[in-house]
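Both of the next two complexes hold subunit A, though its partner changes from subunit B to subunit C.
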Partner chain A sequence: MTELEAGRAGTLAPVRGGAALGRYRDILIALIAFAVLASLPLFTGSKALLDFVIRCSAYGLFATSLNLLVGYTGLTSFGHGMFFGLGAYSFGLIMQKLGVPIPVAFVATLAITAVIAAVIGAICVRLKEIYFAFVTLAFQMLIHSTILSWASFTGGDQGLRGGIPRPAFLGINLANHVHLYIASCALLILGLLAMRQIAQSPFGYTLRMIRDNAARASFLGIDVWRTKLTVFVLAAVFASMGGMVMALFVSGAYPEFAYWTISGEGIFINMLGGVSTFLGPMVGTVLLLLLNDTVTRFTEYHGIVLGVVILFFALGLRKGLLDFVAEWFVQRRDAGEGR
Partner chain B sequence: MDLDALAGCLSSSACLVTQTTSGLIIGMLLFLVAVGLTLIFGVLKVVNFSHGAFYMFGAYFAMTAYQFTGSFALAMLAGAAGTAILGLIFERVFMSRVYGADVLMQLLVCYAFVLIFDDVVRLIWGPEFKAMGMPAAFQVMPLFIAGGVVPPYYLLLIGVALVAAIVLGAGLSRTRIGKVIRAAAHNPGMVSALGINTGLIYGGVFALGGMLAGLAGALAAPVRSLTPGMGFSVLIESFIVTVIGGMGSILGALIGALLLGLIRSYGSLGFPLFTEGLMYLFMVIVLVSKPTGLFGKEAA
Partner chain C sequence: MTRTRTPGISRRSTLALMGAGAMSVAAPWVARAQAKTIKIGMPTILSGRVAQLGTSSRNAVMLEVEKVNAAGGLAGRQIEMVIRDSKGQPQEAARVARELVNTDGCELLLDGEASSGSFAVHEVARDLGVLCIHTCSEASSLTADPKQHIPNAFRCVRQGIHDSIVGGSYAAAIAKTKGLKKWATCSPDYAYGRDTTGEFTLYLKRFAPDVEIISESWPKLFQPDYTEVVTKILQAKPQALYSCLWGGDLTSYIDQANIYAMFSQMEVFAVNMADYTALTVVKNLPKGIHSGNRYIKTFPTTPENAAWGDAYKAKYNEYPTNWSWQNATAVMFLAEAAKKANSADGKKIAEALKGLTIKCPFGADGTVTMRGDDHTLVGYAIGWGTTIPQEPYVPEVKAGDWKTIFELEAEWKKSKGYT
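This part shows the complex of A and B:
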């Protein structure tokens, strides 16, 4: 080994170690977050608070999966909510019609979502920005109108009623509120951890390269179409997980879950929290749900209030909240290093 | 599926006339909305996601003007002029700030206005379904053409949309203003260097697009029910029209809108549960076989 090679090995090793370190750090953070959330019922008997966390889990999974497309790959999907609705409906229908154990329905729903997302994605990911946004939106409207018009199967505009059966499995009884709460938190943490691993993997960095310069990625031998399709399907699978948490929570599925406003809210959540950090959409979810709950208490015209808030962020700040925090950290670090 | 009904209709001239005119009015209304969308996109390079709201405002303005004045012509004028002013203000104050920005920002600003406009309509006119009613001048005996029933109002509607298409097409290709607009779409920097106020052109094009959508809403008001949020499905359909016809092409918007209208009217006979699905299916077929749309030149 020459000195040069030894020197290079010396600089490379910490990078590789850093990746492993980062993964352990992520797992540690996830475990702590889960422990904090799971111990919440011990300290408070407030059902409203637990309900709020369950809703945050459902929307958080959905919004973070959308960030894989918007923030990491630069694919502005305006129809991502279709997979949220699809997850809720297909889970509810499988449980109602087939009566299989919950884990089976869970996995089957993920598989169904993946297949449908692959078909829709294969058509959409070739398209450029605004076309991609609108054609995904058109597919969302197709799924929404199918749910409305196929009333004998989906219950039409009444939604899936009569409740979703929640048989106990492995000692977990999701009909019990605390069990449901813990399960939702576990799904949220596991989903976030999995998406974090995707974002930090070489595949995740390929996504960032496609976002920044698709032509260069293509010259480097990356199949851009296939990579985009893969992340489209992955994001859809996590969104449908969010939909399933929602279906379990309300014990039903409603056409609003597949309506375009869900996609709009998802986009806004990403904007609100910031797309440049992994946890931005999670922060955005909590903020939007708090805002929604507060506004609906005071006025029935919550579209006007929400619209003004969106305008304030889109035209005034032009960044999400965590983007500001991240920039502040970078500035402080640079100042500390005397740059 | 009900293919017998479709075959039965295709073999009867009366049914053919009825279905074709109903397809034509759907198509013509869609054309007026879609051509505004495609014009704004062609010049300003943004997709006006809140375009459906202009259609909605056109209908509500027309209804209110008709209730106060009782004049159908004034109602149409109110629908078109009101939305033109709205479009101008909307473009100058808000949209002009996000040109060249991320698509995400443009979508968000429009999304905010979809929410705001729907609630404003709910606030002013109430959440319930409204009807403008057919003006007395058109409450006459329907025409019978080859055994099919055609209300005279339908002919007026088709005529107005056709005139709008011809004026727009000729205006853009023959007049000086049309030339300037086409130049601004191609190279705005050069146009403004030649001493032409591009901001004014942008505002004017947006106002024109809004006016066409408002006119469509006003024309539709006597035959459709009015409700907050009525613009959204029209927006999606007119976007499908522009995808089929090719973004930025006026002829494409006309052909795409007519095809979609006919698909809807005949599809509702043959595939009552899958009429909406047929439109999307058609869009997918066009997208896969010719991604730029039937008359599009630019790469999609």
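This part shows the complex of A and C:
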């Protein structure tokens, strides 16, 4: 806590109370969302729907973590996919080579990602805008090339083969489709809740201040570099959670997970869903996967359809879907009050 | 009130007629419902840089499925193909494969994926237990590595190791007669390029021990400009060059190397040259490039093979590719195995496929075999020849010897720790 914050702590008490209330509301929403998702297998036998939600969990965690950088901090990373790939590979390799219980591999993967992200972030977050974007992209290509050329360890361009072993733990058997589904939902909800807390905390508001005016934040005594580095590492950790869900889903890890196209999809998801609302990327994920899954059923020219959709969002709405809806509500409310 | 019979057709006979009419219209439908169609799912690459992989595979599958359906289908059930694009992304390939089985009700899978995608689909097959025939992935480890082995997956594809053994022995014979001692290699920088080149030089040196590799180039996959690679090779002044570049990479390499008159200065061995996708695209195909056969309708030199190539060309207005014959062979295997098992059930077909030998236009001796112990295709036509700039492009192909292939393959498996 800075001196400034300490001085204002007394006057901030009612605000803190409001924040606590907000937190309880978030937890309640998270619990309800989890209950709804977890009870889904009771109502439907559709494995495709469960697969869809598992993929939504992987991409949703990834895209929302990217939004911590893009939307909240103003750091447009073009290389965020490297942490998605890193999560998938670390988890897969640990499970294949060491045969430890899944929770151990899970925590170890988060730790490995955090260390690597701290090193990469320490170099990247000194840079701004296009320079930041391109250096993150360069690191992504470095990691992708390493995966390709270190074939004896990573399996090269053929990926981690032979399946990822999924021994049961605490009565949870991730080789079972429904168990995997519930575990993915739990990870998604926990991840989203944690990211929501980060976004709504004083730290989260510091991020917004840095985004809006880094010089001002610096003059207020905030260590901008350290704050950016912290959020870079946090975002990487959540992205690697997404990567682990994907690795479990496909029972393998492939170099494509660490390729720039994954980062591109993350940015596209954020554009679709919107970056100024917390759940924007989640909405974007559902939209993109729905579009992808339906369009590829009917045509191999899905690129044209997706291109038209991008144009519609970029030129028509000029913002993501959830941003558009949120603004529309605000305008309606304001108009109502004006009357 | 007395009932009078009105002239004309009575109500009863009208009903009877209507019933008979309905029966005659419905009969084929009822019959068809009894012989329920069997859906076969196929994830493959239909968009992007290697879309030709998917389209030429799809064409060949449809060509063969029509024949099977006309002959009564798979154990009496008509085949319905459900073919979807995976964009060459393994996670999409896995997703599409799962969806094909879980949602679309496909009972069998043909996996038209390359490289990493095929391993992703392999995991889906392991998970769901559905019969899966890989039809495009040439990576030897997919079936050679016992860790990959599952009872319900087969591979109906040529293999890198087979090509290298045949190529190595063919090139060594020429090296000995022409005294080619100094060799260079130029192959794409990824697993396929590195592995295939390594295996080729291994067997080349084994058959011709005084061969020496004096220069190695590893251009990136899909590299647009090969100037520096070409000049590097020319400066090294080798007597022969080996390359496993393929498709668009190979054609742009040849077009660019032609400017430097490379092909008149050394013997060139390009394993992937003899495929219509490369042969028909190169602007000035040099005479005398040595190549392995991918698909060429003049090898094997049988009327069945020529007829198949012509039928494909007549239907799709282009020549088949290497992937085409492999996919066609997979459908032939399915049909024969279903006949043998007298069932379209995946498990029974899998049992029947083990060690099954079928008549096939692409067989070295008119037949091909699905080897029982590692579920992979053997006995297909494999050989090397030299190019001429016009049809038939590779007039004479020297066939490889399967006895040698089996011996050296067994040795190779042992050296890799697979057996």
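Everything below uses one rule, namely that the second predicted complex is superposed on the first by the 320 of 339 C-alpha atoms of A that agree within 3 Å, B and C clash if a C-alpha of one lies under 4 Å from a C-alpha of the other, contacts with A are read in each partner's own complex, and residues count from 1 in each chain.
Assume a contact is a pair of C-beta atoms (placed from the backbone, for glycine too) under 8 Å apart; a residue touches a chain by one contact, two chains touch by 3 or more.
Since this is a predicted model, take the numbers as computed values, not measurements.
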{"item": "Combined model on subunit A where subunit B meets subunit C, clash or fit", "value": "clash"}
{"item": "Contacts of A:Tyr301 with subunit B and subunit C, given as first, second, both or neither", "value": "both"}
{"item": "Per-residue touch tally on subunit A - higher for subunit B or for subunit C", "value": "B"}
{"item": "Partner chain in contact with A:Met246 - subunit B first, subunit C second, else both or neither", "value": "second"}
{"item": "Which superposed partner A:Glu129 touches (first subunit B, second subunit C, both, neither)", "value": "first"}
{"item": "Subunit B versus subunit C as contact partner of A:Gly159, first or second or both or neither", "value": "second"}
{"item": "Touched partner set for A:Leu137, first subunit B, second subunit C, both or neither", "value": "first"}
{"item": "Stretch of subunit C penetrating subunit B in the combined three-chain arrangement, among 242-250, 350-358, 386-394 or 404-412", "value": "242-250"}
{"item": "Subunit A positions touched by subunit B in one structure and by subunit C in the second", "value": "301-303"}
{"item": "In the complex with subunit B, residue positions of subunit A that touch it", "value": "70, 76, 78, 123, 126-131, 133-135, 137-139, 141-142, 145-146, 149-150, 260, 264, 267-268, 270-271, 275, 301-304, 306-308, 310-311, 313-315, 318"}
{"item": "Subunit C residues within the subunit A interface of the complex", "value": "46-47, 51, 54, 84-85, 87, 89-92, 94-96, 98-99, 102-103, 115-116, 119-120, 122-123, 126-127, 139, 141, 145, 147-148, 190-192, 194"}
{"item": "Contact set on subunit B toward subunit A in their complex", "value": "41, 46-47, 94, 97-98, 102-105, 107-109, 111-116, 118-120, 122-123, 232-233, 236, 239-240, 243, 247, 273-274, 276-277, 280, 283-284, 287-288, 291, 299-300"}
{"item": "Touching residues (chain side subunit A, partner subunit C) in the complex", "value": "46-48, 51, 55, 148, 151, 156-159, 161-163, 246, 249-252, 254-257, 261, 293, 296-297, 300-303"}
